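You will see chain A twice below: alongside chain B first, and alongside chain C after that.
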Partner chain A sequence: MMHGFDVVWEHSDRLLWGVLNTIALSIVGAVLAVVFGALVAILLMSPNRLLRLSVQGLVDLMRCVPFLMLVYLVYYGLPHLGIDFDNWTAGLAALALYNTAYMAEILRGIWSGLPRETFEAATAFGYHGPRLYTRIVFPQVFLAAGPMLGNQLIQIIKDTAFLTIIAVPELTQAASGIQAQYFVPFAAFIAAILIYWALCAIVEGGVALIEKVAEARR
Partner chain B sequence: MTANAFLSLLQGAGVTLIISLSGIAIGVPLGLVLALVRWRRIPGLSQVAAVYVSLLRSTPAVTLCLLIFFAVPTLGIEIGAWSAGIMTLAFVTAAFNCEVWRAGLLNFPHEQVEAARAFGMTPLLRLRRIIFPQLWRAALPGLVNEATLLIKASPAIAVIGVAEITRAATRIGAQTYEPLPPMLTATGIYVAIILVFVGLQRLTERRYGRGAGA
Partner chain C sequence: MAKKPAETSETVLDIRGLTKSFGSNLVLDGVSLTVAKGRTVCVLGPSGSGKSTLLRCVNWLEKPDQGAVYLSGRRIGMREGGSIPMSSSELARERARIGMVFQHFNLWPHLTVIQNLAEAPIHVQKRNRDEVMAEAAALLDRVGLAAKKDDFPSRLSGGQKQRVGIARALAMKPELLLFDEPTSALDPELVGEVVAVMKTLAESGSTMLVVTHEMGFARETADEVVLMDGGRIVESGEPSAFFKKPKTERARQFLQRYVS
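And now, the complex of A and B:
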């Protein structure tokens, strides 16, 4: 078994490449999901009842779909619509689209729990449209959203492992490649799992740090 | 998509349900044992349980499934795809269930435990007669929530060839060169299953109150 870890260590460059892809997919996917999620959250808080309910329906529907099914739908569906993606981009698109729904729901939840006075005061001072959101609403929402966004980022990191099924070169794919070539399943996948653990621990540590800063600003 | 294809998707749904429910049936009690070990602060075991929960909560189900399916046979134990799939889901959900049970235990009124001790009840009797009858009600909404997440993670076991919904859909897609119709149908089946679980969760929440930590 120790021999297996030697083999994995010899090919650590492949694991490293996989980790870098996992990190890139997670970060770009999360940033896109937060940006689109914030836009969707605005629709979810819209005074227009019909708009609000139909967007909420779409968000709830997305949250009932397993991530792998959405990956397949994007991977097979977009070429159908004439949009051709490589696997990496298809995986990223699925990641961003799927998590947009979760991010929107997180942001909406925090937004609707905030005191209304600041929004009313801002409106009274003539804030409206994009400036109301960028200067008044979202700074407060994001200040309160730290831990939940952190949890979702961990979920995104774990979701990237599904992308191995459409052959995206991420961490699990790298471990699978090493194990298939040298038959060291134990060492290859244990190494991958420990790396996922470290990534999630880094996110948790980062959130704790940001919380301290947020606490000081409150 | 033919009627036959639809039937094999439904069959896949049956496999998904059987494997997920088996995972839950193992994972929920296992989670309770882990939570009790941590709650009673049993030296050594408590730390092992804490590491287990932290590690499994950050492990993707796909990776764990590959590990179990490929590595367990190297230890000289034969394992089929079904058993590997059930073990994967059980191990993952046990870590999350542990946290739900533990939140319930931490919120449990301490006076009751002390009163039971004053009456001379043994730890096991306290658990069986005093703690558990109240604990499961508090934990139920959280456990159902974890069950929903488990169903959403269950396509991970398609990677080792278990013929559940996702696998059935990709197979039909490969045979007919039309992957979208079976994928959309499979997604619809998942949504239906998950909506049932979400409904169950609302029901348990209404009935037993919002569970601690849920």
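And now, the complex of A and C:
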């Protein structure tokens, strides 16, 4: 068995390359999901009932689609509509789109749980439109959202593993390639799992940091 | 004692015939009121009499059904001519001319005390950051909270929060200050420090419309008191006359209940 880990270590450059792709996909995917999720959350909080309900319908639909199905749809389906991504971009698009729905729902939930009075005070002081959101609403939403954002970020990291199905060269793909070639499944997958664990630990550290900032304001 | 402000006829706030209903409940029933520059007008009345709604209609946090609000001669909420409502950015610009102090303070919890003061002057009024910060520090000094400038609001007592709330409104250099029951959420022993700040403001010539249950403040500091009941103004006058010799039966009943 120890031989297996030696083999994996010899090919650690492939794992490293996989990790870098996983990290890049997770970070870009998460940033896109948070930004678009915040914009969708504004629509979900709209006083316009029709707008609110139709956006809510789309968000609910997206959350009910299995992620794998969405990846297939983006990679195999969209080219039929003339939208042709390479593997990496298709994977990123699916990741960002899928998690935008979750982020929007998380942010909406936190937002609607915050007291409205400080938003009203901002209105009385002349805030309106984008500045009300960027200066007053979302700083409070994100401070309260730390743990839930962390959970979703971990979900995003794990979702990247599905992208092996469309041959995105991420961590799971790399581990899978090494085990298939050298027949060391246990060592290869354990190595990958430990790396996923380390990535999640970094996320947890980030959440702890946000919580510290938030705690000072509670 | 009631101050005697400079004899001025310059009207800052002119409220004309406001009506407002929530559903079938008529909350304001044709209220008219003016506040001249440098004067303090206190609005008294039992809860449910419409006084907070009146205040919230001044800066259009509530949209009045009928009537008009003028600030230094400029109509609030409606464009010139009075038939087309202002856009949200036009309305926001008008609101920034009016300072407001809230019953529950409504400070921004993610910002420190001094950031609460500087936030809107920098980001709404687009004033110079260094100047704003210097003025904010001076204002905190004036309300006795210079030492708290880098604390977050959650660390303050209610009285301190409200003094920050007042300083935050002043930082906008408003033409008019609205106070919505500023001491009603405070423990009794904390009311005094807030009232003291409001008194010095009134005496230094701020133009103030104050909804309050604080009869002492109204009697000693107001230039005029207005009693509301059932969405109407039932009596108004100088505080000395109002508190000693109310003209209406309704005012007598109110004073009996609220002034011990």
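Observations on the structure shown:
By definition in this document, the second predicted complex is superposed on the first by the 216 of 218 C-alpha atoms of A that agree within 3 Å, B and C clash if a C-alpha of one lies under 4 Å from a C-alpha of the other, contacts with A are read in each partner's own complex, and residues count from 1 in each chain.
By definition in this document, contacts are C-beta pairs under 8 Å (C-beta built on N, C-alpha and C of every residue); 3 or more make two chains touch, one makes a residue touch a chain.
Computed from a predicted model, the values in this text were never measured in an experiment.
With both complexes brought onto chain A, simultaneous placement of chain B and chain C is permitted, the two fitting side by side without a clash. Contact with chain B, but none with chain C, is seen for A:Leu61 once the two complexes are overlaid on the shared chain.
Contacts of A:Tyr127 after superposition on the shared chain: chain C is touched, whereas chain B is not.
Of the two partner chains placed around the shared chain by superposition, chain B is the only one that A:Ile154 touches, whereas chain C remains out of contact. Once the two complexes are laid over each other on the shared chain, residue contacts for A:Trp88 go to neither chain B nor chain C.
Within the superposed three-chain model, A:Tyr182 lies out of touch with both chain B and chain C [touch as defined at top]. When the two complexes are overlaid on their common chain A, residue A:Tyr196 makes contact with chain B while staying clear of chain C. If you count the residues of chain A touched by chain B and by chain C, you find the higher number for B.
Panel annotation: after superposition on the shared chain A, the angle at the CA centre of chain A between chain B and chain C (CA centres) reads 110 degrees, nearest 10. With chain A fitted onto itself, chain B and chain C come no nearer than 28 Å, counting C-alpha atoms only. Across the two superposed structures, the residue set of chain A contacted by chain B and also by chain C is empty. Of all residues in chain A, those touching chain C in their complex are 117-118, 120-129, 131, 135-136, 139-140, 143, 216-218. Considering their complex, residues 59, 61, 88-89, 91-93, 95-96, 98, 100, 102, 104, 106-110, 119-120, 123-125, 152, 154, 168, 172 of chain C touch chain A. The touching residues of chain B, when paired with chain A in their complex, are 54-55, 57-64, 66-67, 70-71, 74, 151-156, 158-159, 166, 169-170, 173, 179-180, 183-184, 186-187, 190-191, 194-195, 198. Remark: chain A residues 61, 64-70, 72-73, 76-77, 80, 154, 157-162, 164-165, 171-172, 175-176, 179, 185-186, 189-190, 192-193, 196-197, 199-201 touch chain B in the complex.
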